[in-house]
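Dropping the structures in below, format is structure tokens.
Consider the two complexes below, in which chain A is the common component and chain B and chain C are the respective partners.
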Partner chain A sequence: MEDLKIGVYVCNCGTNIAHVIDAESVKNYAATLPGVKIARSYRYMCSNPGQEMIVEDIRSQGLNRVVVAACSPRMHERTFRNACRTAGLNPYLCEMANIREQCSWVHNDSVAATEKAMALTRAAVLRVACQEPLEGLTAEMCPTTLVLGGGIAGLTAALELADGGFPVVIVERADRLGGNLTRVDLTAPHFDSARDLVRERIAHVRGNPNVTVMLRSELRSLSGFVGNFTAEIATNGGKPTKVRVGNVVVATGYKEFDASRVTHFGYGKLPNVITSFDFERMLRAGRIETKDGRLPQYAAIIHCVGSRSEEFHAYCSRVCCMTALKYANEIKSAIPTCYVSDLYIDMHAFGKGCEDFYKRSSEAKTLFLMYGKGDHPVIRRAASTDDCDMLIEVEEKLSGEHIEIPADLVILMVGMEARADAADVAHVVNISQDKSGWFIESHPKLDPVATTTDGVYIAGTCAAPKDIPDTVAQARAAAARILAKIAKGKIEIDGVFAEVNEEQCSGCRMCNELCPYSAIEFDADKKRSHVIPAACKACGACVAACPSAAIKGRHFTDAQIFAQIEGVLL
Partner chain B sequence: MAAKKLQIALYWGAACGGCDVAVLDTNEFILTVGEAADIRLWPIAADGKYQDIEAMADGELDLSLFNGAVRNSENEHIAKLLRRKSKLLVAFGSCAHLGGIPGLANLTSKEDIFATAYLGNASIEPGNRTVPHPKTQVNGHSLEIPAFYRRVYRLSDVVDVDYFVPGCPPEPSQIKNVLLAVVKGELPPKKSVVGASERTLCDDCARRKTEKKVKRFYRPWEIIQDPERCLLEQGIVCMGPATRSGCGVRCPNSNQGCRGCYGPAPGVVDHGAKFLSAISSIIDSKDPKEIDAILGTLPDFIGIAYRFGLPASILQRRHGA
Partner chain C sequence: MSYEPKLVGFLCNWCSYTGADLAGTSRIQYPPNIRIIRVMCSARIDPSFILQSLGKGADGVLICGCHPGDCHYSEGNYKAMRRYPLLKRLLDAYGIEHERVRLEWVSASEGQRFADVVADMTERLRALGPCRVKTALATDQIER
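This part shows the complex of A and B:
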């Protein structure tokens, strides 16, 4: 090997690092370490002049390794790797020592923190000496996308991709497309027909030659990796067929909360206590009536059924408040003499046009009653002498009074919850669920439709409750992410992944089931395991487990890790 | 060049004698060796005094096979002496290679060992309870015995070792191979492990392997095993996947789990740690309580995983006991 010529760059990060750590001493110390040719400190290493300093030194001094003692690699590893690449140095010959998050930000004692910064820098210098140049790989990207679920989310994503000219397979479990929206009448806040919205989408999907719709179907397994998945799809419970797909959009939606779980509302016992979905059915049938066919004189709507409660779901289901207002409006226009009361905890009207809708609705003579979050209204049968079917008791929060209101029809605004089989879906496509069962995104703010499995996206209400506009936006976002990838034609695979040395592998198969990303395959003929680089996330689980040391974690070899440990301990 | 007889020494440090017996187990072959070589020291089988070795010129011996660990000052002294006098010094057998069974003593202390052996032992008569001291005065005479060290070392901890022959004890056929390689000058680069394979035992084991998932571990007598199927998959602890092959798959072929005497696979730093991460990777549960319960069915884990290699483990590297 050629002689080591390591450049060490100690960043001040303005005062972020320098106010605790004596960066000059760290720099001077680094200059004495084995193989170090140059050590410098600078105000902002990540700035353009900082990066150029590295590029210039690599070029003029022939540096063959670079250490940047600065912030977390998560923050700027890419920046400094790119600087190395610009100067013609393999980016994997660059190492960072985290003297900010792991040092200046967490210590007050300057002397001790400076010593620790030196130790971290020494660890990086010893490690970088063992680092090897690495190259990434490329793989083909299959242009077909699998869309799981044919609700508004799935339909929208499919159309977006198909309009882009690429094949889509929609796998829908039910015997028709449309999902939950086919059960909704008009939509809040603009009173468009949900059926029309869905029909329009379905018609386009049906007319698009790029879309294959598989009804009464389910995804049995998904193997492979981004760009190169094999999906096994079974229709009518029959033998599965194999389909090659590059990406997957999971759009399996939600189910409504089961109102009979809330005993004090008497759902299932009191005939005129119904859920929002029951009421939608009435609206679509065109007649609002009680069980025995009378027009209700008093109607009451109760919010947050199953939502925002300690007992059931802590989250807000987001669409029911506006749907409740929609109901109040629809009852008023169908039966102008009907008294409508609306029992809510807080009125959540955050969507576009929603606050306005609330204002208009409150002027339309609906009686709004606020109840406490830990509290709940109680419904009981009225006496035969009363002019109503039921009485609702509520501690009204604004007036502070115990109020009793009459009702002939009570509508429970049931929230949304994750589907019963969400865990199975998560398992098949290898994504995670949060504590409520919703699928987890890669980053809640910056990467809301991707997941931790490359090539698997989530859209719509399977990720959390949301209304149609948000659902559609996510579906289009997922499609856009996939289109961008398909447009590239190939996928680039990072140079850091695990590798099995077939000479050393004994075929013991200990690693096979271990990989959280299903990146390991066993070749039964050769009796050897191997890693699919594109699927490997370099977590290292198999590297540690392989008892014959046949698996090497590229960029995390034993030699590199021991050198690093040696560095901090010396 | 006239065929000069090979000059050989065999020595035992802290050992059970099995390694020497394994050499004898090469049967007639050892007689051939006797003809082709001068055995200058072999405490178990031949004459030869330490003074004779001390009187030799440096490098006069062609080959020294050192079996046993380094437990006391005598072991270390002879190890250094043989190193000086030999062209090739071989750590022979598990104890010299990795510390071996005696190395398990590193789990306790010199004081505890003495207390058990010389003070607390029921067979010692009261009044005779005394621990050994390196120097003692008896009737005006000064007696010296080797000093017992605070911990057990493998040979390479005290001297530079040229080759390592693993096994507890090494397989006679492998011993032959090594001796023939010495005679023919066909040895691999120095510091290599010789008389063994570059693969793991699993690779040579004929049992059927599928994916491993273990719900509980069994001691061999607790279960009627399937002789065709991987032992580990049946919950019988077997170090085969983590152990260098070369023994001829002796234990699994006799329906016993591999005990790991041939040491770790090439490139592995810590045999026991490697086996621990392997074992923990096949436990079939995600529930912490259940995992604890499954691990509870594994008796004496350190005794299993480090049976032959505690002194070689990184567990004790930095702070010697």
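This part shows the complex of A and C:
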């Protein structure tokens, strides 16, 4: 190996570091460490002049390692790696010592903080000496995308990809496309026909030669890694066929909350207590009526059935409030003499046009009654002398009164919940679920459609309750992410991954099971395991567990960590 | 002379290291005795890292990962958790008080908790006194 020529740069971060830590002493100390050719301190290492200083030193002094003692690597590791790259030094030969977040900002004893900064800098110097230049890899990107679910999300994602000129396979469990939306009549707040929305999508999908639709089908297994997955898809429970795909969009949707789980509303016992989906069916059939065919004189709508409750789902299902207002409007226009009451906990009217819609609905002579969270209205059968079918009792919060209202038809606004088979889907495509069963995104704000498995995206209500516009936006976002990757043609794989030394591997296969990404394959001929770099996320679980110490975690090798341990314990 | 315990912390990148950074951005003070080493996941923490730390002069080792269910790699922290009791037995066998090694879950939002854990552990190590086995371990090294 060539001689070490390490450059150490101690940042003052204005006064953020220097007000507690004696940066000059840290710099002087660093200059005495083995292999250090140059040590400098500067006001702002991350500034352009700071970075140029590093670039210049690498070029003129022939530095082959760089240590920056500054802020958290989570903040600027990329900045300094880029500076190294600019100067022609492999970016993995750069190491940071976190002397701001984990030193100057948390300790006010100058002497102790300076001593700690020296220790952290020493650890970085010893570590960087063991670091190796790493290169990423590239792999093929198969342009075909697998879309799980043929609802509005799946159809939209599929169309977007197919219109971009790439093959798509839609796998749908049911015997028809359209999903939950085909059960809905009109949408809120603009009263567009849901059926028209879905029909338009389906017609385009059917007409697009790039899309293959597989009905009554399910994904049995998914192996491989981004760009190079093999999907096994079974139709009608038969023998699975293998399809090569590059990416997967999971758009498996939701199921509605089962209202019979709530006992106090009498769903299943009182014939005129129905769910929102029962009511949609009525609307689609064109007649709002009671079980025995009468026009209801009193209709009541109850919000948050199964949602926002301690007992069932703590979350808000997001679409029910506006759907409830839609029902109030539709009942009023179909039966102008009908009294409509709307029993809610809070009216959630977020989103474009929704507050307006709420305002218009309150003017349309709907009686709004607010009940408390944790409380619930109680429905009972009316006496034969009453002019109604049922009576609803509610502790009305705004007036503070106990109110009883008549009802001939009660509509329960059932929330959304994760599908019963969501856990199986999550398992097959290797993504996670939150405590309610929804699929988890890679980052809730900045990366809402990606997952922790590269190449697997989520869109629509399988990730959480949402309305049609948000679902469509997510589907298109997922498609856009995939199109961007397909456009590149190849995938770039980070240089940090695990490697099996086949000489040392005993073929015990322990790591095969351990890997959360199925990134380690066993070669039955050689009786050795090997890592698929593109699938490896570099967690290091296999490295620590290998009984033969045959696996090396690149950039987090034992030698590097031992050097760090030695360094911090100065 | 008063004794200042040396504490080495192995923190996973995604939750705990970020939580420690948050303690910094929130300017939450804690004892300077801890020296943090970043790993990608708590599952990467090999028992030899702990023994090496104690052998090289640490008086205690803190292992931090994401809360169960929150590991960035889904289940790495369960692997760390399973190794921990074994490690404690190993320490007992070496005659090292196993309280010197501690496993804690610290999320990215728990800056305060991280600071509290460090403060608490530093106090405990202070009470335990210097780790006497440094020399024993150092000679009987578990080099790779």
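One rule holds in what follows: the second predicted complex is superposed on the first by the 565 of 570 C-alpha atoms of A that agree within 3 Å, B and C clash if a C-alpha of one lies under 4 Å from a C-alpha of the other, contacts with A are read in each partner's own complex, and residues count from 1 in each chain.
Just so we're on the same page, a contact is a pair of C-beta atoms (placed from the backbone, for glycine too) under 8 Å apart; a residue touches a chain by one contact, two chains touch by 3 or more.
On a predicted model such as this, the values are computed, not experimentally measured, just so you know.
A.B. asks: Taking the superposition on A as described, I'd like to know which of chain B and chain C A:P547 touches: first, second, both or neither.
C.D. replies: The first partner, chain B, only.
A.B. asks: Mind telling me which of the two, chain B or chain C, contacts the most residues of chain A?
C.D. replies: Greater contact footprint in residues on chain A: C.
A.B. asks: Thinking of the overlay built on chain A, is A:A113 touched by chain B (first), by chain C (second), by both, or by neither?
C.D. replies: Touch status of A:A113: second partner only.
A.B. asks: In the superposed arrangement, does A:F562 touch chain B (first), chain C (second), both or neither?
C.D. replies: A:F562 contacts both chain B and chain C.
A.B. asks: With both complexes superposed on chain A, which partner does A:C539 reach: first (chain B), second (chain C), both or neither?
C.D. replies: A:C539: touches chain C, not chain B.
A.B. asks: In the superposed arrangement, which partner chain does A:A484 touch: chain B (first), chain C (second), both, or neither?
C.D. replies: A:A484: touches no partner chain.
A.B. asks: Check the residue A:C511 against both partner chains and state whether it touches chain B (first), chain C (second), both, or neither.
C.D. replies: A:C511 contacts chain B only, not chain C.
A.B. asks: Does chain B (first) or chain C (second) touch A:W105, or do both, or does neither?
C.D. replies: Only chain C is touched by A:W105; chain B is not.
A.B. asks: Would you check which partner chain A:L446 touches, where first means chain B only, second means chain C only, and both and neither mean what they say?
C.D. replies: Touch partners of A:L446: none, neither chain B nor chain C.
A.B. asks: Residue by residue on chain A, keep only those touching chain B in one complex and chain C in the other, then list them.
C.D. replies: 514, 541, 544-545, 549, 558, 562, 569
A.B. asks: Would you pull the chain A residues touching chain C in the complex into a rising list?
C.D. replies: 72-75, 98, 100-103, 105-109, 112-113, 115-116, 119-120, 123, 432, 452, 514, 516-517, 537-541, 543-545, 549, 553, 556, 558-559, 561-562, 564-566, 568-569
A.B. asks: Mind listing the chain C positions that touch chain A in their complex?
C.D. replies: Touch list, chain C to chain A: 6, 8, 13, 17-18, 20-21, 23-25, 27-32, 35-41, 43-46, 48-49, 52-53, 56-58, 72-76, 79, 83, 115, 144.
A.B. asks: Touching chain A in the complex: which residues of chain B?
C.D. replies: Result: residues 198-203, 209-213, 230, 232, 240-242, 264-269, 274-275, 277-278, 280-282, 318 of chain B touch chain A.
A.B. asks: For the complex, give me every residue of chain A touching chain B.
C.D. replies: Where chain A meets chain B, its residues are 503-504, 506-514, 541, 544-550, 558, 562, 569.
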